[in-house]
């Protein structure tokens, strides 16, 4: 009969925290999709500038990805390298 | 036996109630959650309304035709709002969970899960309303192309409905064919 | 020492459910405001069509109101004609 | 030693329900602000139609206010005329 | 050893309800900012109509403020004139 | 008064997790609706390109559906093939 | 062995209420950013009207800030001048 | 009478965390739908550039999918390869 | 055997309150990104006005940052200068 | 039989607070994606101004990143330099 320990509580909260952190991914999804749409529009209008357009789109999308990555990193830390249970 | 563990204390407190009370309390919250889907049709149909007013100002002659398309498109955009209302009313007036056997906490959580699921309806509501607005705009501009514009609009709206349907299926499964209580 | 009854639990949850249902009101507020803006713009463009423009705006806004009303109705049912406590 | 009663639980939930109901106010705020922007734009373009534009903007904004008012009414009912505690 | 009373529970819920009510402020912030942008655009295009544009912008923004004020009032009622604890 | 088992707690959380996962469906609904609108607009402007427009719209909408399907799959796993209760 | 008092519960809820109230800040952030974008666009198009454009942008942004300030004030009241604990 | 174990608590929280992580899917759904709409618009306007437009749209949509995939991966880890229960 | 104290409850709520307060950061992120896009567009169209455009963009973005800073300050107060535990 | 300690409660809340703080990342993701789209559009239209466009886009995106970074910093403080457990 193993009761709920403090360790279990911290790990349970970590699972929820990891899920919450992933919600940040809404942002890059919307933003990069906007860039994709504008890129497709631009390529249709100026096919000769396709290289420049796609390169700018991808550069901007890379910048827009960062906060999604931050969320992923915090989630992976909570799941795989949980620093909180060491503080118990 | 005094339990010093607050999670166990809370769960024991919850289970000190009549099982029906816990399920009905969860149903009240689930019904409230389901209604949040109403954000979608509100935004979408409002967009269509704005596009309708705009279409009338650009081409007063085709205004009546554009307004008809606005109403057609907006009717489709209402779907998720109606589905959510139905789920909420079932939870309130014909609650199938209250007489379900099995752990009260699972049945209660199913009511909340059903409500949460319906929130997906925000998406189809906004999206279909946008399509309604664009259909209205174009019919105002090119009334002779009404049938192909409306057909494209409806096709796109049908595609945009799917995630709302998925959500309703999950809600109905949780309410009427709950697979979780079989696992107890 | 009167313990908390099941009736109280249901009524407490009904208060929260009523509050949640009102959140639906975000939608009509945004949508009708958009219609108001487009209506004002249109009236400036063709003042002679003002009647038709405003009528279309109001008709569309009436359609956009419904889900806000649904939310209100569910909230009022929970507050004033609570069907759940009758099931207790 | 006064324990938590069912009455207290319902009133506590009412405070939270009232707060939730106010969130509806997001909608009219966004929508009416859009109308304000379109009104200002229209007045700048057709100053001679200012009266019609502003009147249409205000009419549309009044329609957009309703769900915010519904939220306020539900909150005030929960706070000042709580019908739930009478059902206890 | 003072246990948690019903009064404390209601006051705690009031703190959370007050915080929730403030979330309504998202709406006016977005809407009025949109109006500000449209006003700035309009003034740049028709400087001669600056007075009319700004006046319409401010009138529309005042209308858009209301639901934010409602949220503030409900929060202040919960904090400073709490009607719920009188019902205990 | 039936006590809560660990199995029941996991299944209860699975019901809520399934509901939360479905919220992802907001995205495809909005995005595909935007595509529908742009498709209808395009068909009105270039009726001769209707086939290409509708095909591109549907291709893009299929891509936009995926994350809604992911949410559905996770919900179905939680409901019908719950891997968590096997870990108890 | 100091148990959780009603005072502690109210203060804990105040911390969460303060955090919730800050969420209002989403609105002014979006709105004022929109105004900034429109201002930059306008200044590029009509450099000669820069003064008027920027002044209108800042005036509108000041109006859009208010609900963010309301949220901050409610949070600071909860943290530094908590009126609820006096009601215990 | 089998009591709730820490293991059950962590698994329950994992179910909720998995559901929360899927909410990220809102973003790609909206963004890719925007790209679909812009793609359909572009194909209607420049049918001769259809290949380039669709390719750019799909490339951009692939980039926009990533944060939705991150959310799915975190959910699948929580469901099928839960690293937290090993830390108990 | 150290039980949960009121102090621990307030500090736990402060951690959640700090996290909630950061959500305000969504606003400036969206708004300033809009300004960045409009600035980039403007600089492409009127390279000769680059100085004015960028300066207006940054001025507007600074204004749009404030509510994000408010959220950060409230979070830092909760974490590093918690005034609530002094009230216990 | 080790009960849940106050320390465990604070650490569990810190995991959830860290997850909540990451949600701020939605904002920069959307905003920077908008800037990316506008940058790609601009580069297609004025290839000769590519340098200026991309530089302005990146400058604006850097400004839009800040609140995402604030959220990350608060999350990392909660996870790795938790100041709250020192207050226990």
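Every chain is named by a letter (A, B, C, D, E, F, G, H, I and J) in the order it is written, and numbering of its residues begins at 1.
Here, a contact is a pair of C-beta atoms (placed from the backbone, for glycine too) under 8 Å apart; a residue touches a chain by one contact, two chains touch by 3 or more.
The structure displayed is predicted, hence computed values, not measured ones.
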**Any chain in contact with subunit E as well as subunit I** = G
**Request:** Could you work out how far subunit C has to rotate to sit on subunit I, using CA atoms and steps of 5 degrees?
**Result:** 130
**Request:** List the centre-to-centre spacing of subunit A and subunit H in whole Å, with centres computed as mean CA coordinates.
**Result:** 10
**Complete:** Chain centres from averaged Cα atoms put subunit D and subunit J apart, in whole Å, by 31
**Where subunit B and subunit F are represented by their mean Cα positions, the distance between them in whole Å** = 13
**Complete:** subunit J residues touching 2+ other chains are 3-5, 7, 9, 12-14, 16-20, 23-39, 41, 43, 45, 53-54, 57, 61, 65, 67-68, 71, 75, 85
**Residues of subunit B touching at least two other chains** = 4-8, 11, 16, 39-40, 42, 44, 46, 122-123, 125, 127, 129, 163
**Request:** Under the touch definition given earlier, write down the residues of subunit A that touch subunit H in their complex.
**Result:** 1-5, 7-9, 11-20, 22-41, 43-45, 47, 50, 53-54, 57-58, 61, 65, 68, 71-72, 75-76, 79-80, 82, 85
**Asked** So in the complex, which bits of subunit H are touching subunit B?
**Response** 3-4, 9, 26, 29, 33
**Item:** subunit D - residues contacting subunit B, complex
**Value:** 27, 31, 67
**Item:** Complex interface listing, subunit B residues touching subunit C
**Value:** 16-18, 20-22, 24-33, 35-58, 60, 63, 66-67, 70-71, 74-75, 78, 81, 84-85, 88-89, 92-93, 95, 98, 122, 125, 129
**Message:** Can you tell me which positions in subunit B touch subunit D when the two form their complex?
**Reply:** 39, 42, 46
